[in-house]
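Heads up, the thing below is written out as structure tokens.
Lettered A, B, C and D in written order, each chain numbered from 1.
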Amino acid sequence: MTVPAPYHLALSAVLFTLGMVGVLVRRSALVVFMSIEVMLNAVNLAFVTFARLRGVVDGQLLVFFVLVVAAVEVVIGLAIIVDVFRAMETVDVDDVDLLRG
Amino acid sequence: MSTADLVLVGPELVLTIAAVVVLLQDAWATGGVLEPQTPRPAAVWGSLAAVGLALVWDVGGRRWGPAFGGMYVRDQFTMIADLAALAAAGLGILLSSAYLPRVRLPAGEYHALLLLATVGAMVMAASGSLITLFLGLEILSFSLYVLAAIARRSRRSLEAGLKYLLLGAFATAFFAYGIALIFGATGSIDLREIGAARPSRLLGAGIALLTVGLAFEGALVPFHAWAPDVYEGAPLPVTAFMSVVAKVGAFAGLLRVFPLALAHLAGVWGPMLAAIAVVTMILGNLAALFQTNLKRLLAYSGIAHAGYLMIGVAAGGPAGTWSVLFYLLVYVAMNLGAFGVLLLLARQGMEADRVEDLAGLSGRAPWAAAALVLFLVSLAGLPLTAGFIAKLYLFRAALGAHQPVPALVGVLTSVVSVYYYLRVASAALSGGAPQAVAVLRNRLVGAALVLATAGVLWLGLFPAGFTAAVQQAARQAAAAVR
Amino acid sequence: MLIPVLAVLVPTLPLAGWALNGLWGGRFTRRTVAIVACGAVAAAFAAAALLLWQIRLAPPPGRAPAGGPSWIVDLYSWIGAGSIQVPLRLLVDPLSVAMALVVGGVGLLIHVYSVGYMDGDPGCARYFAYLNLFMASMFWLVLAGNLAAMFIGWEGVGLCSYLLIAFWFTRPAAAAAGVKAFLVTRLGDVGFLLGIFVAFGVFGTTDFGVMTRDAGARLALGGGAATALALLLFAGAAGKSAQLPLYVWLPDAMEGPTPVSALIHAATMVTAGVYMIVRLHAVFLRAPAAMDLIAAVGAVTAIFAAAAALVEPDLKRVLAYSTISQLGYMFLAVGVGAFSAGIFHLTSHAFFKALLFLAAGAVMHALGGETDMRRMGGLARRLPRTTAAFAIGALALAGIPPLSGFFSKDLILSEAFRAQAWLWAVGVAAAGLTAVYILRAFALTFLGADLRGAEGTAHDPPPSMAAPMWILAGLTVAGGGLGWSFTHPGILERFLLTGLRAGAGPPARAGGAGEGTLVAASVLVAVAGIVVGWLVYVRRSLRGGVPALAGLLSHRFYIEEAYAVGVIGPVRALARVAAVADRTVTDAAVMGLARALGRSGQALRGLETGYLRHYAAFVLVGVLLILAYWVSR
Amino acid sequence: MGPLTWLIALPLLGAAAAAAVGRDRERALRMVGLVTSVLVFAIAALVWGRFAPGAASLQFEEHAPWVPGVGLVYHLGVDGLSVSLVALTALLFPLALGAAAQQLAGRAKGFVITALLLETGMLGTFMAQDLVLFYVFWEGMLIPMYFLIALWGGPGRAPAAMKFLLYTMAGSALMLVALVAVAFAGERIAGRFTFDLPALLARPLGLGGPYESVLFLAFTAAFAIKMPVWPLHTWLPDAYAEAPPVVTMLLASVMAKAGAYGLLRFCLPLFPEAMRAFGPLLSVLAVIGILYGGAIAWAQGDMRRLLAYGSMSHMGFILLGIFALNLPALQGSLIQMINHGISTGALFLIAGMLIARTGRADTDGYGGAGAGAPTLAAAAMIVALSSLALPGTNGFIGEFLILLGTFQARPAAAVLAAFGVVAAAAYLLAFIGRIFHGPVRDGLASMGDLRREELAILVPLIAVIFWVGLYPRPLLARSEATVRALLANAAAAQTAARQGPHVAAGGGTSP
């Protein structure tokens, strides 16, 4: 049984929105980071769905790019977060507010 | 992939290879010490050589055409944008040569990332499809994330890196979603095909989200909030380089998308981008008025300049396109020049980034002070400098596109900007020099300043040649997508 | 042809004297300064005399402005802009030559007098430089061939008046009086300037010849243009000649050295207004209403100033009010169309008033600068010759025959009677007052007890000062001959020619009998005045009077106070208010805008909280806005 | 390279030469400044002397493409409007540099360089015939001026300099947009996008209506602030009072003229209709400025502020003359620009000499200075007389023609403005009186009279005062043909605009 495309898209939108909300409400840098990953995966879902809808493979191809990008992001992101933790002994984004104005 | 394709992406290729080589050589030479105290001439000269080679390849090569099935486009537009990006890289390398060993930043990583960021901006400028744009954007921003946080022992630097990373990634997600929606609406990610597609609501939504990612990188309001914090927190040479290279990439991308690919929708995006330009100019200039930290001041100034650049994008058409291209190179020269003078100063071994640190500079280093004044005057858009000509082109484009409002706001906010630029300039020209601040002598930094000065003066007094080049580039690029 | 050369020499010789003494006077000896200054004026006077000889001799080339013979000397084109052309042009005709002679003659005498008077003053060179500059300006004024060129001299004499009143500039009163004189006359000069503009509008030029020739054609009799032109020019004349209500500067002008008062503020400059009206009589005759006003102003000024002189305690200021009063007579004369009578009185007044001033100067010289008559008295014994000179001048002023003042004043009164009886009545009353106040001055100064007692070493002035006085006394005595006649035009009038009456019709002379009655009446009044004065001030047998009137008089009808309250006060207050408002309103509006921008900048900085989540929220807001925009299109 | 390019280039070369001289060699630096400016004056005098008076068109033209792609032209030229202003500017700079050598001790290097840059800007402003080139010089002179005030000024220099800069720039900012709009209008008419003024004027722009008014106001705002016109003048007292007197002299003598010049050079030919329509309004502002400035000057206690407001009052006459739009008034305004430059400049120089002697600028601190310094007092007197328009001095020629022309066009305005002449006498004699007259203050008796080098600065100005006052023909003749042509073209354009259909004014309106 195939789920109709609009449902996939709706799911993608919901996932994206969830990630978005996560970025806004969570305090831990790690969780914020994960929320962004959720958003990127929502993008992937959208790509795949549209590729199916359009019958073009480009969409699936794009997913790989996004995946790679997400992976790189994780690598860099975690490294920075670790450094931040080492320097400030916290990963709470609300505590990282030396710079302002 | 053919040899022809490789020849066309040659400049990017050179830089990428150089980045890897520099990284490895440095690691090998230092034995992995992350905080070296000695200069690393190999990294510096290697990177410079790579930039030079890329420049020669780019400008001297004069090979145009699409590569990789149209995903990559090398044309005169690319060449001009590359010129700006490479200028940013070259000046950035020269300017940082004194700073890096002084505050013990890892030279290999620094130079490798700097070269990669340049590649990112160049790829964005050369994108024939949204995926190339996406890739370029990510290459650019990842490098910058790391560069911002490269001073690992500085909490400010780390904070800058973290904020930049999280917000950047957040914006990237929108950008990617935008690509997905456009793909959904048109079935293609090729910019030419998107341009030919029938407008739809879905396409509109996709374009809207696409705008977000680019506007974030360009620090346009309301996606600008990262910029002041990151600029302030990042090490000074990084800030300097970042402030220009991100703009080159972002605005090259914006030009590729809006005036070039989506020319027929100008009636829709024109007013929107104009509105962004207006609020960006206003916010950037007003918030900069009372800044006492020079990096932060220049950050807001950078936001303001993003607003000016956006005037050209919003105006669209060849005139808008070429005036933005012109402005980008000018901006590279004058902004890096201003930062370069700051890099000559050190307060107790640290960055001298307060306005009062500049006091009495004219007495200690008259040429540097004069150069600083020139750059600030140019940033303020006052005549006899390139900044004026560049702004004139932008305002002319706006009026030509029947958009008087951005032009008016542009000139009026330029007047506001004079306040903070010349406040800094008079600080440098008067008063007694503070004891704690030392003025460094460095040949490479000096060379960078001379180059930037020459650029600002040359483009201000004799802009005809470069103007013709950017006009030609804009016409060619516009014709190619039509 | 000598006339152009002479005409140019007349003003340029004193100008050269000014340049010499002004630039190098500091290095000259006192003697050289005096020789240069007096020599320049003497030469100019000689040139003017030669000019007289020449124009009697030479055949007239034209009959331009005054209907009489005239010579035009064009120097060069001064101001030119399209149709507006102002040549620097001299006009030599009997009127200008007569004036030049009066100016040069009295000027020369006073220069000579000054040598003695200013002996010992460290600013001697400056004094003579100013005096020569004045002579040059005054000569230029009377010789100028058009209104605009005349304005150079007109303002030039005003400048010199300012400079000489404020000659002792470290004295605050002198400095203030100089400024006052300049400003008040300049107020009148605004009228003069506007008059020039109207003249350009009407005639396309201000050339006297053209204006006189075309007045009938271009100006409707009693028309608006004619009246405006006449009134505007009269405003200038009233300022320069100290007529109501612009007289206020002249009494204060007595702060200057006394020879200056004699030359500028009695004999020459203050009569420039009269001269100008006579010069342009053809224009004024086209505006009967303005003429009536001029005559009325003259008459009222004559009696008003005479009354003011009655209670003035300062000798020089008495003479100043007297001058104002006598100038009033001259305006009365020109106002009723008796132009040559005006010039006649101008001339005789120049003689006797200069004489009075020089005599007063001799008194001051003797008393170390004292001018307050309440501290004088009995000087007749110690300064017998000065007393005699003053007495001659006083009698002339009072209008006692056969002195010159009698003839000229009488001519004016008889002309006034013919025009309007009330003008005559006022004039006669003023003549009576004149006799009273000048007797009062004479009595307080020269008669009575010697208030200075034994301290006085006062003596008559040295010859260099005495000689000019005697020459002037002689002129005062003989000057009546210039215009004396019952039935014929006098010498002066014949010289000036009937052209002065061009447009007014032939001179209508009254019959001998009526004329005789009038003369008798005015002589009677003068004698009565002297008698009353004698009784009041010498015999002190008449006392009392009206205190309220005395108060009113001693405050000159509160005109100065009215100026202070009505003009100077408000202007000063307005200027202060404007100065404050410029900062607190006009500037504050601009600075307020700047501050508002600054505040909004600070507010925008407040958005940059440092919290990542806020930044993300901005991004989200931006996303929603842009999405909403695109989706709604 | 023609003489006009040399006029621009020489100060730049001089500045470069000064930059190469060591900072502590003050004498050498001053010599560089003086020699350069004297050479510039020699060239300017040559241009002035060889200028053919009868011709209306530009002379000594230099024409070269600058940025062909956007219609920018390097086009220099002088005509009747500008030739005398160029000479005036070139005359004042050697005097200013000479006075600066006596009044500003130390930091000569920066001063000489900045002043020479300023000279380039000022001379260029009067010679540029391309809208953008004009704007380049117009704004270009602001920056050196800003630094001259901000670095060499009095205690309140920083805010005063910034206020001056921002105020004047705010005005010119709108002009920048407007001049681009004008170029677009020209493109619609002629089919070619250019900023070259003569090319734009080759045929009527056909603006008309509200669009012309808007553009006119944008240009006029810039010029009015620079002059300054009431009520846009409030930068002036601060800037004039805080700047060193030598710089104030340049501000008042040259920079203020640039505003008036701009009205004649650009507004009159480009927007003749609006010039006429806004004439009454601007004449009212001019009259207010004359009387208001005069009144405030009278009430000032600081001599520089007194002269500043007085200068503003005098600029009101020039504005009045410009908007009378007839030959005598325009000629008067042009010659008055020169006169005002000479007289006000000399007044500020004298103020500077006084301040250099006593260190005080409030007039109450003076009194009786004429006793100790008779030559200075005499010089001040002559200059003041020229400023209060005494006939025989230069000031009279200008104000006479202005008032005469205005009287023909707007009698009421002329009558009111004529009282400004009295106001001028009031505050100038107050200035003279408070400083040179009255009881001699302590210390002022030994103040010291004019030195030889100070005399050398004042004598040329005084010579000009009398020369122009007595024989203004050379000046008037040089401008008459140009002014005549300007008025004729404006009238022709106006009739054309009235008769022909209005060309749609598109550029500058939102889609």
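As a working rule, contacts are C-beta pairs under 8 Å (C-beta built on N, C-alpha and C of every residue); 3 or more make two chains touch, one makes a residue touch a chain.
Chain-to-protein mapping (UniProt): C = NADH-quinone oxidoreductase subunit L.
Not measured: the values here are computed from a predicted model.
Colleague: Counting C-beta pairs in contact, which comes out ahead: B-D or C-D?
Modeller: It is C-D, judged by the count of C-beta pairs in contact.
Colleague: Relative to the centroid of every protein C-alpha atom displayed, which chain's own C-alpha centroid is closest?
Modeller: D
Colleague: Counting only C-alpha atoms to place each centre, which chain is farthest from chain B?
Modeller: For chain B, the chain whose C-alpha mean is farthest off is C.
Colleague: Using mean CA coordinates as chain centres, what's the chain C-chain D distance in Å?
Modeller: Centres of chain C and chain D (C-alpha means) sit 37 Å apart.
Colleague: Indicate the whole-number Å distance between the mean C-alpha point of chain B and the mean C-alpha point of chain D.
Modeller: The separation of the two C-alpha centroids amounts to 42 Å.
Colleague: Counting in whole Å, what is the centre-to-centre distance of chain A and chain C, each centre being its mean C-alpha position?
Modeller: That pair's centroid distance is 97 Å.
Colleague: Using the average of all C-alpha atoms in each chain as its centre, how far is it in Å between chain A and chain B?
Modeller: 26
Colleague: If you look at chain D, which of its residues touch at least two other chains?
Modeller: Those would be 166.
Colleague: Which chain C residues reach two or more other chains?
Modeller: If we look for residues of chain C contacting two or more partner chains, we find 605, 608, 610, 612, 616.
Colleague: If I count partner chains per residue in chain A, which residues reach a count of at least 2?
Modeller: Residues 20, 23, 32, 93, 96-101 of chain A touch two or more partner chains.
Colleague: Among all the chains shown, which pairs meet the touch rule set out at the top?
Modeller: Pairwise, the chains that meet the contact rule are A-B, A-C, B-C, B-D, C-D.
Colleague: With touch defined as at the start, can you tell me which chain B residues reach chain A in the complex?
Modeller: The contact residues of chain B facing chain A are 131, 134-135, 138, 142, 145-146, 149, 152-153, 155-156, 158-163, 165-166, 169-170, 172-173, 176-177, 179-181, 183-184, 187-189, 228-230, 232-233, 291, 296.
Colleague: So in the complex, which bits of chain C are touching chain D?
Modeller: 22, 26, 76-84, 126, 148, 151-152, 154-156, 159, 162, 166, 169-170, 172, 175-176, 179, 182-183, 186-187, 189-190, 193-194, 196-198, 200-201, 571-572, 574-576, 578-579, 582-583, 586-587, 590-591, 594
Colleague: Using the touch definition from the top, list the residues of chain C that touch chain B in their complex.
Modeller: Against chain B, the touching part of chain C is residues 597-598, 600-602, 604-605, 607-608, 610, 612, 614-616, 618-619, 621-623, 625-627, 629-631, 633.
Colleague: Which chain B residues qualify as touching chain C in the complex?
Modeller: 162-163, 166-167, 170-171, 174, 201, 204-205, 207-209, 211-212, 215-216, 221-226, 228-229, 268, 272, 283, 285-291, 416
Colleague: Taking the touch rule as given, give the residues of chain C at its contact with chain A in the complex, in rising order.
Modeller: Against chain A, chain C makes touches at 605, 608-613, 616-617, 620.
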